[in-house]
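Consider the two complexes below, in which chain A is the common component and chain B and chain C are the respective partners.
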Partner chain A sequence: MSSTSLYVDADSFLHRLDPRAKLALLVAMAVPAYTFGRPAFIAIPFVAALVGLWIGQGLRNLRRVWFIIVALFVVGLVVWPGFVERGGPVVVDVGPLYLTERQTLFALGRSLRITSFILGGLVYVSTTSNEEIVRGMRGLGLPYAFCFAVGTALRLFPTFLDAAGTVRQAQEARGLEISSRNPIERARSFIPLLIPVFMTAFRNIETQSMALEARGFDTRSERTFYRDSDFAFRDWLAVGFTVAVSVASIALSTMGVGTF
Partner chain B sequence: MSDSEDVAVRLRDVVFSYVRNATLPEPEELTGEADPDEREGPVLRGVDVSVPADSFTVVMGASGGGKSTLLRTFNAIIPDFIDGSFRGEVDVLGVDATETRVSEMARDVGMVLQDYESQLFGTSVEAEVAFGPENLAVPAEEIEPRIEQSLDLVGLDDLEPHREPSGLSGGQKQRLVFAGVAATHPELLVLDEPTSDLDPRGTRDIVDVVNTLSAGDAAGGDWSGPDTIAMVTHKIEEALLADHAVLLKDGRPFRSGTVREVFTDTDALTAARVAVPPLVEAFDELGWPEDDLPLLPEEARDRVAAADAEYEAPAEPGVAPGGTGAEPGDLLFELSDVTFAYDTDRGPVTAVDGVDLTVREGEVVALVGHNGSGKTTLAKHFNGLHEADDGSVSYRGRPVPEYGMGEIGREVGFVFQNPDHQIFAETVREEVAFGPKNFGLTGEELERRVDRALETVELDGLDDADPFAFSKGQRQRVALAGILATDPEVIVFDEPTTGLDATQQRQFMDLVAELNREEGVTVVMVTHDMGTVARYAPRTVVMRDGAVADDLPTRELFGDEATLAEYDLVPPHPAACANAVRGDEPTALTAEELATALGGTDALADAEPVGDGASTATEGADR
Partner chain C sequence: MRELLTMWRDTRMVMLVAVVAAVYAALLIPFKLFTILPGLTSIRPANVLPVFFGIAFGPAAAWGSAIGNLIGDVFGGTFGPGSVGGFVGNFFFGLVGYKLWGNLGPLSSGEEPDFRDQRLRQLIEYVAVAVAAAAACAAIIAWVVDALELVPFSVLGPIILTNNAVSAIVLGPPLFYLAYPRVKEMGLLYPDVLRNEDLPDRANSAGAWAILVVPLVWIGIAVFVLGGAPGSTAQIGLGAVGFLVTAAAAYVAGENFSAVVRDA
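Then we have the complex of A and B:
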């Protein structure tokens, strides 16, 4: 019963942008996050992504993914110092733990970078419905059959999860327990879950493809498109912004600004 | 083609088997009976049939008898899409359908199936309706009015067009499927059990849509509805919406004619394993002239009035016709102020709201109410699948959460609606043994339990069979056997009769009734099927908005038209007829009871036919 989609049904500036323009903005955020290395610089796209999430009313989605974001951030902070030359003043020197300023800043930058990407993606899915995602893909010139397949997958994902939940309950009611410590036993206990889920899915696929053809779907024949995206002025603005930010980021970073 | 003016579909000598490259038997070998559970042989066994143009034709017959298969030849799914073995001629709207692709047939033939989830492809309501016309290369500017017309036709015009279909109710989803098909402006509409997965309200909405379509009232433009409709259904009430009927038996048409002719032919119906309409059954038993049997409650009422028959109490008020739940024993379940909410991203949504309920040993209780009324969620509290957020559920005086899942699972079995959500094993025996094994049974005791369960559901001897190759009715029985083998005190059923034909439903429920009568198994069943409620459950709990709206003897519920209307429930036909003529006597719940109630005098046996003048809804043939 709980919703699986991250899309927030609202009417924000970001919702109104063409999906392709939103992808452009995603690039505008990713390029600086990728080209710069210093945390002060990467903080800009990071904050921009958070602001985007706020504008798109997607902050509540943070509740559902905060764990992944925090985990990636912390893992980055712990792992990256090991991959970089020491240098600069010492920040931490407690027993075996010895970190220089350079190591710390480098790790912080990398953690900000990866979490910015995730936040940016979250802005995109929070403000773009499945319908728009597919339309955006088609607008980028991807083949219709491929876009349709992605759309169907997005459409059926909640249905699939529902079925999986029902199967789990049905087997639990028959005494299935998946808590065995023995990994082989544990793996075996998944069989009564996986088989019904996949058998049901296969049965559905047959009905689906039948229903699909009965509605006249045929990748070989001509078709029309009811609603094509129109690229508005604001969408062009977003693209212009992206080009400007990307060019500036690349230029500055090549000059050594904001990097190590 | 000369035929095409008065015939929409004509099949000649059609033989079809789902087995690829099979050697199809010669026509003379295709006489005799076919086993409906047999999956190997041909399903269509020499079909000659025609669907009159401008008719609404209903096709009925036993499960596995080839009804759906027959309809699938109407838009070339057979033989173009399904890779089986085919022989014969199929002419649809003047086109040779055996030589045409499904996607081409889609220009003139629309199809709606039972499972709405598998038929929705769009990522939004609007995209869904536009999908068919887009596929058929309808110009974009023509699609917009079609979307409007189609959504209006199915009563979904108030939906936000960009809404995702996944958030809609089952009834709304099926209406959306109808809209998507209507937008392609089909001449022939093929419906395969369009209401089988829906609750009473969803069913009524679809029936309204079908009525509008069949009357040609789909307002707008150059298309006002399909000329011809062909429908498969198990529900007799829906069959009566049609004007022509075809009964299939042994993979061949067995009887066809007008709906009135076919559905008053009790011998033909019984032979084809189709439920005899209950009023036909009652009046036939009472000796009413065979060519004048009533199909609808109003017709029956007119006949009772014409014959001046008297109505006597058919049974004791608290007793179910199925003889079930007769003597409730000790208190089993006590639910007090149970509240349960689902977590969603929009915050918690309350599904069960302050329910107080008790169930005694040996009872048979029906839980009814619309989808979303909380009945399945409530039922899942009985075996601990859900734990109440507030309030308490106790079994034999001890709170259910205090039992381990293994402990309560042995006592309280839960049979899910769709057997395919639990069947996983390679053999029937392994499948049935799964539950008792999990509950720690081994050796001889385990074998004995499994044997007994298989015997009870009449699948003994099929121990090594592959349950995935079984028919739906058989799979349902495998699932029940899996629960019976754990030897539960209570069985909770979620929609036990969905997807089964009339005979299978009756067999399955008689089996449940026997478990209750002979072994004292307590039964709680969640169901939409009022016929099942009337026959087997002496007590009904009506759920509405997560709360218990009413908890009363079933006979009282079905005898009270005002209460039924309030809960949006439709009584079975015998009760509807009885209510119109019964005065202060208790209502009749089944055909047998109605016959008993009206059979005290021989008034009906000696009466003169009322004639078709008294009939109403089934006269749509001459529209």
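Then we have the complex of A and C:
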């Protein structure tokens, strides 16, 4: 597995679940995070996602994406108070900064929601290999050609990522300046980086297509697979859990619990 | 629009989808010009690629851009419900190019986008295509993210529009000048790859103009009329109407790029 991947090769309960069951659990995390508005309620899927990361041994991935998570959280706290009516006691009143309790709780809830979504997605990619992602898509009934394209792209992506790094180093060694202060100049300096990478990528398409067809690749005929995907009892449990959590969240929020 | 489905029968188109997706994701992540909203959006040179790929590879670019953005989310650690918006938005980012080039009536140069002859007319046509693609992508992503009540449309819509349009407009012309003739020489332009019966059998300028105008009007109403009402029924309803009209316009528009290539 390439170092670009966030997948953690382990044998946890989450790793053993069918990729479709893991998608269901992602829904179980997303529905309460979406239906509730108050931070105390959204904190539950947030903590659940963190526990999922711990079970799936994906906490190390937090080191790679912590900046995104913190940035999204802070941006939410800054942006959302401007879109909510003031209400309740004043929490902050410093110069132009005037925040009421309602604004603060609303913004905190929205920030927790977006970070819960990101953490939930991180649990999924930490415990699901590229091959399993494609197998899950196939299991969900997506057409084989589409799944094949996604699988091939996932395999080619690290190669092109490495190529992009190599081209960047090579062009910088030739004197290419990509940190100009002038934004237009800076943007244009990326052309010598973009072209070699994608010309290399597209050069072999004809050959690769012929190689595929020579091996009998045909998207129109029904395919058989060496490894069929079994949906075990534990996977059905995960789906049942998702249904229960989703129904309960929607019912409670409809009654006004956990919402503003 | 049937070409979006029938293209999957062609092995070269399937490979184009995979390579477009991988290249887009690979160039999206490491190269960044400026961060606009940390964690959400930054100006990235790779945002020129869906427009270039869209004109050159047609329907394969639409699927490839969508999948490439999804891979970027998976590897970048931002995979989640918002990725649905990213998938559909980037699908349209790649779709608009081949629907519009050569199909904008008086605005069209009637030339292939190689920026060798009639450069000013090609530039005007290209800017219209780039802005339309950027606007469609921005409107769809901001609509979904707003509906999920993650970030308000009025904040994210204009940012994504600017982000996508700046990279595409600045980098597009030199990229087409250098790369388009080579892609054509490789025989990878979609009119050369797709079978004639898979290509749309009409070109409708009114549909193409609707693709250009509707997303911009959608963003304008969402930002300046509805403004600060994230997740509201009005915002979601406007998005549904805007999306359906844009999709219908894409269906009606057909494409005229294959005729431009044939006549060249």
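Just so we're on the same page, the second predicted complex is superposed on the first by the 257 of 260 C-alpha atoms of A that agree within 3 Å, B and C clash if a C-alpha of one lies under 4 Å from a C-alpha of the other, contacts with A are read in each partner's own complex, and residues count from 1 in each chain.
In this section, a contact is a pair of C-beta atoms (placed from the backbone, for glycine too) under 8 Å apart; a residue touches a chain by one contact, two chains touch by 3 or more.
As the structure is a computational prediction, the values presented were derived from the model and not from experiment.
For the composite obtained by overlaying on chain A, chain B and chain C can both be accommodated side by side without a clash.
Judged by the touch definition given at the top, the superposed model places A:S5 against both chain B and chain C. In the superposed pair of complexes, A:E213 makes contact with chain B and with chain C alike. In the superposition on chain A, contact of A:R203 is made with both chain B and chain C. Judged by the touch definition given at the top, the superposed model places A:T166 against chain B, while chain C stays out of reach.
With both structures placed on the common chain, the touch criterion links A:S221 to chain B but leaves chain C unconnected.
Using the contact criterion defined above for the overlaid structures, shared-chain residue A:V243 touches neither chain B nor chain C, since it reaches no partner. By the touch criterion defined above, A:L154 lies against chain B and chain C together after alignment on the C-alpha atoms of chain A.
Residue contacts after overlaying the shared chain place A:I55 against neither chain B nor chain C.
Applying the stated contact rule after C-alpha superposition, one finds that A:V75 touches chain C and leaves chain B untouched. No C-alpha atom of chain B lies closer than 6 Å to one of chain C in the superposed arrangement. In the superposition on chain A, the residues of chain A contacted by chain B and by chain C overlap at 5, 61, 64, 133, 148, 152, 154, 159, 163, 191, 193, 195, 199, 203, 208-209, 212-213, 217.
Interface residues of chain B, counted against chain A in their complex, comprise 72, 75, 77, 81-82, 101-103, 105-107, 109-111, 113, 115, 117-124, 126-127, 130-140, 143-144, 147, 162, 164-167, 180-181, 184, 342-346, 349, 351, 380, 383, 385, 405-406, 409-410, 413-414, 416, 418, 420-425, 434-435, 437-439, 468, 482-483, 486.
Within the complex formed with chain A, the chain C residues making contact are 8-9, 11-12, 14-19, 21-23, 25-27, 29-31, 33-34, 37-40, 43, 45-46, 48-49, 63-64, 67-68, 70-71, 73-83, 148-152, 155, 166-167, 170-171, 174-175, 178-179, 182-183, 186-188, 228-230. Listing the residues of chain A that touch chain C in their complex gives 4-6, 30, 34, 61, 64-65, 67-72, 74-76, 79-80, 82-83, 110, 113-114, 117-118, 120-122, 124-125, 133, 143, 145-146, 148-150, 152-154, 156-157, 159-161, 163-165, 168, 183-184, 186-188, 190-191, 193-195, 197-199, 201-203, 205-206, 208-209, 212-213, 217, 219-220.
The residues of chain A lying in touch with chain B in their complex are 1-3, 5, 7, 60-61, 64, 129-131, 133-134, 148, 151-152, 154-155, 158-159, 163, 166-167, 169-177, 191-193, 195-196, 199-200, 203-204, 207-218, 221-228.
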